[in-house]
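One structure, pasted below without further comment.
Order of writing sets the labels: A, B and C. Residues in every chain begin at 1.
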């Protein structure tokens, strides 16, 4: 009993020192001088622009990755094709890859001297140091989440429900829409939440391809760094708090949806066992 | 013929699941495909349903060639071992699924679903979700769902395989009665010989992707075509070239020339039936089945010496036993 | 395709140029620093992650659900915010008088923060499904608490711990956002590999940046392979 209490104390102490105190402090520091400076920082046009830009990028990247993620998961689980294991490995790469490397890779392809740079330039399309590059970077780093959440659910439910729908006369499209999609809905939702978190908070990759022009290509995360470098601590803290609140919402959502996915999978497992 | 399968073969990689199988199933019959796992029985059922495409051969349903048809267009009802319940739909929506796909009017769907739920004894559970049902209830729901679209044939893939022994027995009797009521041509896949013999009016015994024998349950038991069928449809003793059912092995207390001596190793009382495990002089083992009265009369006990005589033996010619 | 471009570009200066770029003193020192810090972080994580997972699964106390959700916070929190947060507490103006800013300890601290969820989330489900029977059987055979843990629980958790560790390692090697504010990025002292690549890009030495990137890419890939191996190993005992 005593050793259990000791273990608990060590674990909680570690979390407090590493996690809870620093995050608590940043909230405290932000509001230390009252709401006035915070409000000023929040209503600064550059902050508002950064917030909108972040949301815009997220709104493009998340649906793109959701559609891709469902398609890729279906392919990985239900189809045998050459290069399947390669695709499987490549999809995970953004998990393990430094965001800076992702940014660099995009520059090398879409930058002025990159593979497609000449053609893009000739057609007046700017990717690097502009919105398209930032969207691409975000899509790249948040690519695996939907796939990785949907794949295990798809494995678990198998193909029996789909086959049952076919024998009942449902076309492949109707089967996907009315049977497959509802069965994996919580897996998708959980994946979307993770993708959103990553897209909102991406810094490294976006930082490399953005050019960081305040009021133009500055996202909220980039603004945190820029304000800090300009010694505008309240500005940096305020942007941080906005992001931290979003992160807390994401964690909350994760909790809700994780229970749902577990429920789905648990039921499937139980059924298989009986 | 409700179903005609002609020279169908199917391989999975190196594994031959079906080896030029031909089979005809009469309208309104209840046929069991019986065999050990890997015998090809489930694959055959899935080929009939269109869930598996045969490498060669063809399938006709109600006289129309169905070989190239997708499962949607075959008019079959299919019931899966693990129910394949649509977990996100209520029982009512599960049963109504096929009718909704066919865009039937709402009133019609409603009354049809109610009627089917009554038939499978699930009235009152219409608004539940599959997770709130027992295994047996789920399987009855799956059956109602398959019957809703009025299939030309009903295909059941080990429908009771995932249920416990007692529920399984109940559902067997219930299925038999349901078939008498609905009279739709039904094919049932099972590895349980008792289930096949009890439910079906025709049994198809399969092994290694081939059909070993087709016949009425009693014919299979009395006149098995080969050693595999003989031993698969019931317990059997082997005496040299001949095979004897345990209940055809007579036990006596004295020798009479045509008997063999044996020692009783164990006596198992199973109510009406008593199972006697024997060791012959040369060390071979044999099993005898006697009634309770006979066992009492002979006063059988472990360690006792008895003399056995096969009453009825079966010998297979070389040609029949590959 | 973008990744192929990196590999392509890194070889633009020939094998020689590639070698020069990754063997430049700044590159070597940044890679070494990154590697050493990641190893330290991963070692600490293996212990604390398992411990936290254990407490979250086997212990019960008020507020456990909240603590459980907080584990995901480093994942959801943007890395730059994480860095700023740590700097506020453990930096020059911190309220507790501990200042690790611009030191290597700061790098370790930042990496510990961002990699916190990996081992915990990898071990937790395995621990949840771990049969209590096994431990009870061991206890009935006379094993004490510690030897039960060492001989029964730990071997069963090992694949999960290692796959969490490999994930954390991959993440540490490539970490950028959380480190950039707190480490000071002093070349030869606190400049990690990602920051090194970043400054190479800023100073237009794209080929040099690509060369170091390829190295990180290879490490990422190897980590992924390791994770896959550990997962397979972990599922071997099931069924």
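Following the convention adopted for this analysis, a residue touches a chain if its C-beta (ideal position, glycine included) is under 8 Å from a C-beta of that chain, and two chains touch if they have at least 3 such contacts.
Just so you know, these numbers come straight off a predicted model, no measurement behind them.
> Along the graph of touching chains, what's the shortest path length in steps from chain B to chain C?
2
> More contacting C-beta pairs: A-C or A-B?
Per the contact counts, A-C leads.
> Just to be sure I understand: the centre of a chain is the mean of its C-alpha atoms, right? Then which chain's centre is nearest the mean of all of them?
A
> Report back the single chain whose CA centre is most distant from the CA centre of chain C.
The most remote chain is B.
> Measuring centre to centre with CA averages, how many angstrom lie between chain B and chain C?
One centre to the other, that is 56 Å.
> From the C-alpha centre of chain A to that of chain B, how far is it in Å?
Measuring from centre to centre gives 51 Å for this pair.
> Cα centroid separation between chain A and chain C, in whole Å?
The separation of the two C-alpha centroids amounts to 18 Å.
> Inside the complex, what are the residues of chain A that reach chain B?
So the residues of chain A touching chain B come out as 160-161, 163-171, 174, 178-179, 182-183, 185, 264, 267-268, 271-272, 274.
> Per the contact definition, I'd like the list of chain A residues that touch chain C in the complex.
Touch list, chain A to chain C: 3-4, 7-8, 10-12, 14-15, 18-23, 25-26, 29, 89, 92-93, 95-109, 113-115, 140, 194, 197, 200-204, 207-208, 220-222, 224-225, 228, 236-237, 240, 243-244, 247-248, 250-252, 254-255.
> Provide the residue numbers of chain C that touch chain A in the complex, in ascending order.
Interface residues on chain C, with respect to chain A: 1-3, 5-6, 8-9, 48, 51-52, 54-56, 59, 61, 67, 69-81, 84-86, 88-90, 95, 109, 112-113, 116, 145, 167, 170-171, 173-177, 180-181, 193-195, 197-198, 201, 206, 209-210, 213, 216-217, 220-221, 223-225, 228.
> Tell me, which parts of chain B touch chain A in their complex?
Where chain B meets chain A, its residues are 49-51, 70-74, 76-78, 80, 82-89, 97-98, 101-102, 131, 135, 142, 145-146, 148-149, 162-163.
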